[in-house]
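What follows is a single structure, written as structure tokens, with notes after it.
Chain IDs A, B, C and D follow the sequence of writing; residue 1 opens each chain.
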């Protein structure tokens, strides 16, 4: 079938079997028409459109050896370091078109992580998960399927392991094993872009012990599978999507995050990619999250570009763009933005080929990128607010602006330089407000792909403190010789690195 | 008449002549019943209630020598350093009751600034503004009037002075002088709490030159004066105020900021406190803004307490409040909060008595307090988001939570420790979301009482660089003697300091 | 005897019995003539001189009710909040004269802490330490004695309590009890200004348990007591003090820190102020360290003034003082400096009268001040380095500058604006180098009066998280009423607060 | 001749014609034996040794097409992105061996910049500088010459251009043109590693106008050329190099920076690479400085490794390495270190081939790397000081430690865990002190390769604000279409990019 057109994708999700989706206490009839969800549909559509856009095609399309065809990059298994870099570049470029989180990279990162880990499990256990997974991958690539990935469980009591929880369903688990498949129960939280996807890939969310084996499962299911309930979460300014005028909800692009409840859902064996191999839960988490943290240096620098552009335009409107202190703030925003991006670019080029043939990012740099993303967006937002002025929190509504009696007054009093109509100022203020105070740029930057503490644990494990100590001892002349280059501590998947 | 009860205040603003107020494109019938404005009414009512609350009375009431009676502290002229400290303490305490900006301190700071500056003008010019002002003050104190203060003009082209603007009304100005008073035109932006006030005190917003004299005016007018139009601005999550359930808009406390348009408004002479004395425009701005910056160390540390409390409770619900990295973040939030507060306390105790008998805050510490407030709340917000988790941007709506089919599922999956019902978690998440991402805690902290650059200019002027250089020269043995204590550069109002 | 003149002090320490003091591996003959120690002698002399300096007298002298005479403030027991503020002001002012840590406040803070704690012990135990202490105090005040304070033990294994240490002398302890006194053994580290003092006041360094009671001791001994060995520590650039020219070691003012070894030292009972009352070890630490942290907002802001002055002068020499980015950096340094100072001023004015009649600082603000001091000086140093330029690390030596062949070349090439001789630039560079990279401004700011973690523990304990949580619950409508003002958790000394 | 052994290099600089070098007011006889300069000799020797070290050879040696031989990488012209990455890796690895700035990359960056710019000048002007330069390069490569680079002029009045200076020699200039060459006069400041080099490459330090053409010159001269005077600058703790014991000056590795005075020095035409082509002064500065800023992500992360190792070891000695707050600080240091490194890695892989065939780094990422380096080392230093404790500023001297009477006492009292001898603690404290407070890690990180403001100007110019604004306008629906990818503003050398 090959690459789909955006309209084909929209038709497909409009006409599938009706999934059970709730928004603000009501069940959704058609996600493609619901004001709360349309922005995500549009974001997904942009990813399909990119494959047909001459300016983006080079980034948006890749050759897949698995089906010997071109595929949308969002369904591609990375074959090289260039592929890893293309991911980061594509996300930054698409952010500019979407004005929000593109939402489709979780599924993408999931298939790459499973490509590697199913191969690792098979090698150790003699199982055939990888073959199974490749069949699924071919189906996805041939049909240009929109994927979502679901990792974060609801987790109950944070200090207890899955099998110790008072609520045994606090982590998704197998509740029944059948000849033809398994039945799963539990819930996943904070799942991005799910209702506009066609398939959900489910992965465990943490390291497991043997006693947690019922929780060590990974699988894929269509969204409209019986027993799946999806509750879409709220976000800052979300109800503006229901307003008639477009201005106050600019850029009109929101993502959505949802809770998925698996209320005893059946999964056939051919869609099961991990089943009780508890010792591979952690490698899957770490490989997936390194991939996903790598994405953030791309998409969040893309959102930062929009914020810089909006602040720059507002400064021009006020006639202060060339004031030194404004310029300093703009440059600081650039610096912070490019620093996040640089770390993800570095993570791409220090990627390594894994046993399955897939390229994995450098985990240190990927975690560094994400850790920067947990801090710099708050400062970028603050600087943009500083430039934009208090009007960001006090500007009149678009409805006031359009009121016949008020319009002439606001056109007079809300304008700064006569070169710019007052409406342009209002539009730019709303764009900046909705992006810079939005969940996507703040909360999502902090917690997406794992909270700051998760990256810190991983950076602490990846850095070789013993080696650093030996260098210090050598230089303090406590030890005579600088030791030979010492390799990092062995990890389950280290031995899987080919190159 | 003496201290009013909160219900008396509410009746008063309900039954005044109808002011011309717009919210979301519609004119407001009754501010006390409008869902968008009710939270401000409640905030103001709390300030009246405090005078009758035994626990707060000591802070909320003060003795006024002008009417020889007790007055609500929000209408008090500071008679001592203790009064200055009481202001900061009162604001922190009331923030805890209101859950938002109390909104009534702008008018308070305006009367204190005018008390000082009218006296200064008279001394120099032989005018009688101070007497006029005292009459107004007595009226305010006797009737326990709710005041608003309006300083920020719309400002047009930022790099041009008022008289150079392409739009001559970009700053509020006199357009006509009559025997009985003046007619003013222009607009003020970002005015806090105005529609629930009874009188508006208008002040110039910047230094003026002789050519700007028509803009160097200060006066007071009742809100329902003919020709005044008020357009209430939008804020993050404002439309949640219209939702039926209370949870998603917790704490139900918002402030409002509005644009006031003076469409040729008449002001009688007895309400005019500055008229073309352009050389006093800047002293008024600097004295007022030092007062107002002083307030921020109180009210924003109060909001920070709420954020700390919410984050602490959420950490308990998840069972992680005693984890070291959570504790570290909580303590960091405490440190940042108390540092803001400390600077305002210091500004109180280094206050000085001015020629009019009113105590003014220390301007350096007041500016330091506000500069801290332009930075620390963003970091406090970030730390609270870190603790609360991604759920802050993805939690289901209260409507979903109340849906009969979803409620049992959400009670099961949204709960953490069994000791806490899931609804408590939702409530705390919404409280934290609405405060920590709200205009009041971020944008308002940044721009209220002047943008960061304004404080920097003032700190740079207040610090004696020449003295510091002389100290350095002495220590570098370029100069033999350390100079006698060198006084700061003379400012218009320096000579006005008595003590 | 009354207030001593600086020369009287110098004579006194020159002619005392020779104490056993080591510097760079050699025993010191006369501390007043040793190039390594002279700067400290000078600093101490400045504190004596201040009492006779009309410009400083008001700050430097106070009336003592204990001897009914004026005393040098460094030996004063705080009788009011004004006294607490005077301490902070005095330290800032003296820093400007000394160009370094004044070094005399440790002993001062020790006598104030012991004043309070001896009174607390007596009240609980019926002992008579306070009377004993007052006798000692009178001796100190009457003879205008120079005191040092010693708290930090060498501590051995950090995770073990004193009685668990493999080295039982890792904390100072009683090794013998006699009729006339006790014999102590152990060592104290990082003791400021000790060799130029006349008496050392020793205090425990941490909370103790009953098993540690032999370590719960406090006492005072003259420096030249038998068995005391003092090893003066090294500091950055210390050997420049031996160079002939003065320029490279500008400002010629260094502090010193030493290790004091108590090699079985006898202390008569009248000099023992705590003996095995282990439960008062922690209150003494906390009260002393709050006092001492309060000092840092004064002395470090004083050093920061010098750094600002030096950076400002260097910017003038280069002709860039009015460049916007230089101005921004100078103002940022001012802001950071005044923020540290503000917190100590606030700690003074929120001080409270204790049972002994002595005023104690507000511990929260005092800890906030010190926590700011653990961070801001590094940023102030960085900003000053930014302004000064790379020359700070590459300027030629004064010896090169004075070389007959090189002098004309350096006068030509090292000069910037012709208004300033090249030598002035070199002097200012050296002043800035020695202060901004010195132990006093960096390491001492970080660790003096307790490391950052110590302040964090105390801030965490002083803040009422339960109250904050209750406020949040009230605003989240989980609880109906805001609780009455809740007092902090009771501490041993809380009940000792009178006012 | 090919790759030299380290001893060959040392012999060469020992036996050259005596250059006129001053240290602390005295002329140096033999740089290889002078205690002040030996550390630099050792650093250079390590770069020669690396070419023969099997573990480093792959990084340290490269194939040069210009002489069809292997060369030391420090004299290599980058032929690929892999070469650019190898530079960063090599610098990090060598920092571990040297314990200081390696000092040899300035010359390296200079030859790469001149390779590109001489080619650009020729293309535009029809000159033959590139050929001349290649001849010089072959000489350097064939003889494995140690190069220094000199860019920073003394600059006089910062706000004036070279031709406007009151001192016409404030920038190096041509004072005479002869048939066989030119005579130059002026001085260069803050030149790294120069006295241990054999040739100095001189470049202009800023953009020039036509009137400055006498200053727009670049050339190479041997160090021992007549008329060159070198005055070595002072650094923190430099005089410890003269002390007999090694401990207090650990790691025994310092760099040096010197002022080079060109007192009418003759340069033959074949060594002149730019002569009055003023419009190429700025491209040379920008290309060189981007190269040089790229280096800092390598060498400073290498020094940071040492600091991490020392702090980790000291934490172990105290028995606190596994305490949570220590671990957090160590991980923070790792994060900051790897972020600096990541930006330089990214700058390597986004490098582009220039017209001359040489690969240039990505200038945005290179400037981002350096800007990070102007901030993070101060924070890394602070964190290491926090872990190490106050002992960093108060530890006894090695001479005290070796004193027969004090040694047993210090072995007892200076030890923490019994597993580690006290001397190891002293060694580690000194190593950390000398590196973390040293010029190399602080001042050099701030000002080397250009001050922070220089990077900010360049980042501001490289970022496409107009494009960002257009994206914002598109998303604010002010413009209908997102513009085609817009290229950056054209720069003189942009057209020179091949790939």
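Definition applied: a contact is a pair of C-beta atoms (placed from the backbone, for glycine too) under 8 Å apart; a residue touches a chain by one contact, two chains touch by 3 or more.
In this text, all values refer to a predicted model and were calculated from it rather than measured experimentally.
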{"item": "Per Cα centroids, the chain farthest from subunit B", "value": "D"}
{"item": "Higher-contact pair (C-beta pairs counted), A-B versus A-C", "value": "A-B"}
{"item": "Intercentroid distance (Cα basis), subunit C paired with subunit A, Å", "value": "51"}
{"item": "Inter-centroid spacing, subunit B versus subunit A (mean Cα positions, whole Å)", "value": "39"}
{"item": "Subunit C, residues touching no fewer than two other chains", "value": "325, 328"}
{"item": "Touching residues on subunit B, where the partner in the complex is subunit C", "value": "55, 85, 96-97, 99, 246, 250-253, 305-306, 308-310, 312-313, 316, 327-328, 330-332, 334-335, 338-339, 341-343, 345-350, 364-365, 368-369, 371-372, 424, 427-428, 430-431, 456, 459-460, 463, 465, 467-478, 482, 484-485"}
{"item": "Residue ranges of subunit B touching subunit D (in the complex, touch as defined)", "value": "324-325, 328"}
{"item": "Footprint of subunit D on subunit C - complex, ascending", "value": "22-26, 152, 154-160, 166-167, 169-170, 187, 189-190, 229, 231-237, 239-240, 243, 248, 257-259, 261, 263, 318-320, 323, 325, 374-375, 378-379, 381-382, 385-386, 389-397, 399-400, 402-403, 406, 409-410, 412-418, 433, 437, 439, 442-444, 446-448, 451-453"}
